[in-house]
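Each of the two complexes below includes subunit A, the first together with subunit B, the second together with subunit C.
Coming up: the complex of A and B.
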């Protein structure tokens, strides 16, 4: 009987784990854009970001050109969409900080580059790939992460992330 | 003047790269991808060899094909023949091939080509395919933005063809030229941003020159301008063009510009 109870427990645990699977999702993105100082340029980025149906709200700090993008639940966005949108407006990403459900970092396109532990439910990280940091910063990071084989490949399909919290 | 006022009052304006949005020249930056910019440029210049002023109306639409390429179509309408007359049109494409951006600064370069047709009479040595001559132009632009100051320079080759059907390009004039410009734009207000709704004020000064390649005849103009940007969306420029030096025949070198600009963002998602 004991064994059957154990088995039941294991099975139900597995079921719970299975059903509690949710899309690993980004909840917030903080984008600092480069190459601009005018409010109309910021507005071009603002409008590009707001054109995404997954976006709930965009808050802009015009003095630092920082855009805080809040996203809808259960979106399936990855960092590349922010890069594409900023570049479509005619500018570039200087830094991209992302807040996401913690399970995201174990998912496929993400490669963690530091040893810091993420929060239990939510994690904050910075994308450190080329195109997500300034050119100067990327040169420095290329030296720091020269031993990470995927980092130096500059593939658009994976994201190297530095855990912040 | 009444027409000018009418257009001024009925059309609100807008644009994108304020300090770089020069009145008579283009920066290396483009309009955003999938966005359509509408510009109504008007100018009134004092005639040198006859009394009065001429009026030119140049409506223009610009579309961002992708992040690096934009295309533009323009129409040329003027009152040189005493009533509004459609003289011609123009198509241009500009490709940004270099971008080196950092926080609050950038250096960019672009190449462009333009073809224009015009059926008006040819009445001056100056070659101007924006509103006077049929012809083409090709050139490169370099723009540096450092915080609130933008500096832009361009170099181009311009060749005039016959203004068909009635006005062939005169044999005794040089039909191709080198154009050059140096432009400065500075954000004067606000000192600190508080919202998208703040009106921005930019001051600009552009030096615009041309040399006819065949005979070395040249001019150099200065174009000071003030630019207002409303709601981070609408733009209004007011500029004055003054000839500084010239060794060529120009029928109306000095006058005023009024620009109204509006951008429709994200035409498709």
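Coming up: the complex of A and C.
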């Protein structure tokens, strides 16, 4: 009997953990790509992004050179996948804005760098790590965030985010 | 299973992708600036240079200027230059044609990289050029300006 109660606790704990994990998801990513050639003139980024099974739709805005990626529910993607895909296509990320469920910002790999409060259910943020902004901007940001010890470490496993809403 | 399906789709896609030197020109029917249907057959027995472009593609617009100059020098009975725009907004295409003063054949396949001709030819970047001989056989993909001029002079 005791064991069953224990098991129940474990199961419910797992369920809670599981649900909070799946809730912590990215719903949309807006990627501005940069490179030596015209990023919109190539189908490569589009193709790379569409190759992800989690991707519902990719839209391109020719005026802002932005790819807007809409993701399926309950995906477990993190920002690195977008960087990898864009780089695989032969380009770089100029900026990456993400819309996600607000719980995401309290999760492990995310470090918030500004004081702004996020929205209750949904939050928008920019990833400000090296490789997610232009080199020029990264130099500037390194000065701004020099007191954030994890920022200067440039680890690939954490994401420093600036809340926008 | 899902992976196999994806792999298969990718594989079939690769097979379809880009026409090769030696291939015959894919058949197409597209609209011109006056909404008239233009069939690829129309240009039979001519040397054909197909140029895929879009109004928003800066390098393409630079290329247009070169093609406009080139067009003035060629024997129009023997050579046809065909611009195929992937613009989704027809009005921007028309404006670009006027601005660049294009006089050679202009057609539109208004679906971006998803356009049927873009897939038939295997266009993965803009601009993309395809040079066919008078028998409709592809002889060069993205030839240089010099290569085009030399071929046209023959």
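Please note the rule applied: the second predicted complex is superposed on the first by the 134 of 165 C-alpha atoms of A that agree within 3 Å, B and C clash if a C-alpha of one lies under 4 Å from a C-alpha of the other, contacts with A are read in each partner's own complex, and residues count from 1 in each chain.
Definition applied: a residue touches a chain if its C-beta (ideal position, glycine included) is under 8 Å from a C-beta of that chain, and two chains touch if they have at least 3 such contacts.
This is a predicted model, so every value here is computed, not measured.
A.B. asks: State whether A:134 touches subunit B only (first), subunit C only (second), both chains, or neither.
C.D. replies: In the superposition, A:134 contacts subunit B only.
A.B. asks: So, does A:87 touch the first partner subunit B, the second partner subunit C, both, or neither?
C.D. replies: first
A.B. asks: Spot which of subunit B and subunit C makes contact with more residues of subunit A, would you?
C.D. replies: B
A.B. asks: If you lay the two complexes on top of each other, which residues of subunit A touch subunit B in one and subunit C in the other?
C.D. replies: 37-38, 40-44, 46-47, 53, 60, 62
A.B. asks: Please give the residue numbers of subunit A that touch subunit C in the complex, ascending.
C.D. replies: For this pair, the touching residues of subunit A are 37-38, 40-44, 46-47, 53, 60, 62.
A.B. asks: Touching residues of subunit B toward subunit A in the complex: what are they?
C.D. replies: Residues in contact with subunit A: 14-19, 29-35, 64, 66-67, 99-106, 145, 147-148, 187, 192-196, 198, 200, 229, 232-233, 235, 263, 265-266, 269.
A.B. asks: Which stretch or stretches of subunit A touch subunit B in the complex?
C.D. replies: These residues of subunit A touch subunit B: 32, 34-44, 46-48, 51, 53, 60, 62-63, 65, 87-92, 94, 134-136.
A.B. asks: Residues of subunit C touching subunit A in their complex?
C.D. replies: Residues of subunit C touching subunit A: 2, 6, 54, 56-60, 112-113, 123-127.
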